[in-house]
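Dumping the structure here so I can ask a few things about it.
We call the chains A, B, C and D, going by the order they appear; numbering starts again at 1 in every chain.
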Amino acid sequence: MSGLDNLYREVIMEHYKNPRNKGLVENENYKTFRIKNPSCGDDITIQSFVIDGIIKDCRQEGHGCSISMASASVLTEMMIGKTVEEALEVAENYLNMVSNKQYNETMDLEEAEVFSGVRQFPARVKCASIAWVAFKDTLK
Amino acid sequence: MMTNPWVKDFPQLNSGMCYLDTAATSLKPLSVIETLDHYYHDLSANIHRGMYHAAVETTQLYEETRETIARFIGAETEEIIFTRGTTSGLNMVAFSYGLAHLKPGDEIIVSELEHHSSFLPWQEVAKRTGAVLRFVTLNEEGRITVEAFQETLSEKTKVVALTYVSNVMGFITPLKEIVSLAHDTDAIVVVDAAQAIQHIEIDVSDLDCDFLAFSGHKMLGPTGIGILYGKQNLLQSMEPFEFGGDMNEDVEKGQSTWKTAPQKFEAGTMPIASVLGLKTAVEYLQSIGLKQISEHIEKVHRYAIAQLSQIDEVTIYNKTSETGIISFNLSDVPAHDAITFFAEQDVALRAGQHCAKLICDWLGIHSCLRASVYLYNTYKDVDRLVEAVKQAVKYFKELGF
Amino acid sequence: MMTNPWVKDFPQLNSGMCYLDTAATSLKPLSVIETLDHYYHDLSANIHRGMYHAAVETTQLYEETRETIARFIGAETEEIIFTRGTTSGLNMVAFSYGLAHLKPGDEIIVSELEHHSSFLPWQEVAKRTGAVLRFVTLNEEGRITVEAFQETLSEKTKVVALTYVSNVMGFITPLKEIVSLAHDTDAIVVVDAAQAIQHIEIDVSDLDCDFLAFSGHKMLGPTGIGILYGKQNLLQSMEPFEFGGDMNEDVEKGQSTWKTAPQKFEAGTMPIASVLGLKTAVEYLQSIGLKQISEHIEKVHRYAIAQLSQIDEVTIYNKTSETGIISFNLSDVPAHDAITFFAEQDVALRAGQHCAKLICDWLGIHSCLRASVYLYNTYKDVDRLVEAVKQAVKYFKELGF
Amino acid sequence: MSGLDNLYREVIMEHYKNPRNKGLVENENYKTFRIKNPSCGDDITIQSFVIDGIIKDCRQEGHGCSISMASASVLTEMMIGKTVEEALEVAENYLNMVSNKQYNETMDLEEAEVFSGVRQFPARVKCASIAWVAFKDTLK
């Protein structure tokens, strides 16, 4: 069971139960991207609002497992205030970490660090990634 | 407690895994693996045209497989087409038959119980031809009834594409009556038998369906092989789906002609090893008998339903199913969280939409867990599942779900 | 006399058979058979969505195969589609790309060297779209030359579908120059690499072809698996060829959406065991190196040509071939009579039109014998062939042929 | 080699070298059927001319291996003079014999008997059958 405890860390449960920045806004300045994962039923939408290269707001909505919900919540909280460049770099690094690829371990992934446990669960990598992939697409 | 005499035939169970995922793919008996080994170890030849020993033996086994399958489902040998799997077979019908025969306004009857492989080809054909998809209204349990079918059927119906057994609900479709009604209005019936072939005795001449498709890997056979049965006159009237080596008769620069069915539909080198393995799989099934298999499934299935029903946090979506498929959820625990717990306990289930999103929509759920019981499962497997469910409920509750 | 270090890896040779039929299908090294055994014995799981150990390992091996193949031919992972074989891959291109892009009057360049699997899909697409087939004029040896290609190429050319190596003549097509010329007029190039992949180093990014297809069973891999390489932008722009489980994104009653390539083209359960086996086959090829393999083939091939040329009654149709394929006939002995004699001597050749009738027409023959030399063949195999040829000549002469 | 000698029997070689009833006639009373075997390259045409249920003439033309050529020759010689009914019965029995199926061993297959050796060569069954299949089609 130690593996599972590594996955369901306290921070994750806390975000799952109290999701941050939940609910979309109707504002055309917000870039919106939605991803549905057809095999597991996850459905996540991310919005980001950028002014002068800085992410002013980041919203999330959807349903799915605790890992996908929590990672969406953590994402939004982390990204607000970052420059687009920083944000993309962090997101890329995070996605590499959870999918067990080479990643920059010296970069501060803040709360998102807790998703490193996902690496032991290859079948859950998508759960931890979906919001972050959608987020990257909002910045395109 | 019964002892299961078949478990020993399935080497995959040696690891101690509790395998309840047959609806995704079945385990394979040793005899099937040995057939594959024989092909790869001793033969490794291509069929037809070779005259040396290995090629002759391979060709013979290949064609014997066709006869074995034909007898297994009460068809003629020429009505058996080797395909890559159910999906390929159903696509062949949709594109070789459907595209050629459907006109704007014609109707195709499907259901929300369909696997995507039985639904998407017809959705696409409808789009391309202007035909209209009609859905049989499911009853309150989620079943296709003859009455509801009759209400959907009309003079405009040209194709009926239905699953024999739903891979989420496990219900058996009353096909015999449906086929008869459909034929009264000259519609053809295409049956997705992927979840039926391994435990229901099918006699296509009695069922009278026009096409029927299934996969080897779900009936103790190898991956990469499936069967499409089609009535001879329909097959002969259809254009090939793929073009290439061995399906042609004469080839000229300007124009070519095709062999008759089934060869017309088998372009290029077929999955030879898997064809041979499928023969052994069918022989294994026949040696036990589908009746005995379904009785065994029923016993274990009923026991599982009884046990799981006693757990408050379990919602079963298909309690009344007459086959081995159980779809359920744990309250407040998303299926993908639960499934990870089961995996850690080496209990092999599946979570998700099971390539059948329409029935998930109908049930009003995003996803669910599915356990499926087969020949090699025992009461002990059920006990392990039940114990794992109880532990999961406890674990996730404590985590705060 | 060299000793062949690879023979021991091929258990099929234990029977003492002299195997000269690799162009039909290759033998399989033990390591490939072991991979299949591992899958069937220990895993037997479906890919994706399963979370238990066997499903996770299977999924991982499955996706690693894609990476292995991508590296093997210099492609991106997303450009590698698993298919049933060369035939399926070429049909996908013809019907998903060709049907959508060709208009009446457009031209498709093919050649009389094409295998039916590379020719018939385009003949059919031409028929359906009104596009016109143009044949590259072969030179006096039967080769496709850059000059002849250039004469056939025009502003109307939209598709060029050519074989990399002919399965009858064994000639290597000068593809690099052809691709470059074709791209100058915005035509795409589809390569049938079924007889090239096992001995020619292919780098699709250097070759710059748009599509390239090959089969596992001809490159030491299992039956029932092939690869279609396609340039990413082309794949993304194409409609799926088959519809069903796992290739969809969202499914609604009215409309559905697809995943991106390659998943878009992989509907239903794939030939999982064969995919895994193909990875091992490629690793085996890489461990030796295609360069060393082709050098070995060349040596044995040259020896065979030298020996066979000394027999008056032997007509070789492709003496100058640079690969391992030898097509020939014995004078006054129909190929099917001769082949039966060889079979009795356990010398495995093939007789017929080799799914390439157009080149038989070009050669002015009804059929021929084909011997093909590969990695595991030795001078001794050639000696056996030559001895068998001499005996056959004598036998049939005495019979009165 | 004994197997091979069983296949290449004297009668077969004799017909191969001196084919009977070779060459087609242009006469619309003759029913013509042609079969090309795409894998081996055999190409055989059979003609039959029937009056009052009796086969008055039977012709053959084509190219292929010795077995297919000889069996076409034997066929034509045997069939001339038979009733359509007899002919079909004999043809059916012959086809069952060469393909190693159950067949009526008491029926006199005349010279065609020599093709029984083909049973040991499953890959040559088609060679021995092609003319006979075409013949049956001329009577349809």
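In this text, contacts are C-beta pairs under 8 Å (C-beta built on N, C-alpha and C of every residue); 3 or more make two chains touch, one makes a residue touch a chain.
On a predicted model such as this, the values are computed, not experimentally measured, just so you know.
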item	value
Contact-richer chain pair [A-C vs C-D]	C-D
Relative to subunit B, chain with the most remote C-alpha centre	D
Centre-of-Cα separation between subunit C and subunit B, whole angstrom	31
Distance from subunit D to subunit A - Cα centre to Cα centre, in angstrom	75
Distance from subunit C to subunit A - Cα centre to Cα centre, in angstrom	44
Computed distance of Cα centres, subunit D from subunit C, in Å	37
Junction residues of subunit D - those touching two or more other chains	38-40, 121, 123-124
Where subunit B touches two or more other chains, by residue	49-51, 55-56, 246, 248, 250-251, 340, 343, 351-352, 355, 357
Subunit B residues touching subunit C - in the complex, by the definition given at the top	11-12, 15, 17, 21, 24-28, 32-33, 36-37, 40-46, 49-56, 84-88, 90-91, 94, 112, 115-121, 123-124, 133, 135, 215, 217, 222-225, 242-248, 250-253, 255-256, 267-274, 339-340, 342-343, 346-352, 355, 357-358
Complex contact set, residues of subunit C against subunit D	334-337, 340-341, 343-344, 351-353, 355, 357, 360, 365-367, 395, 399-401
Subunit A-facing residues of subunit C, complex	48-51, 55-56, 59-60, 246, 248-251, 259
Contacting residues of subunit D [partner subunit C, same complex]	1, 3-4, 7-8, 13, 17, 38-43, 63-68, 121, 123-124, 127
Subunit B contact footprint on subunit D (complex, rising order)	36, 38-40, 121-124
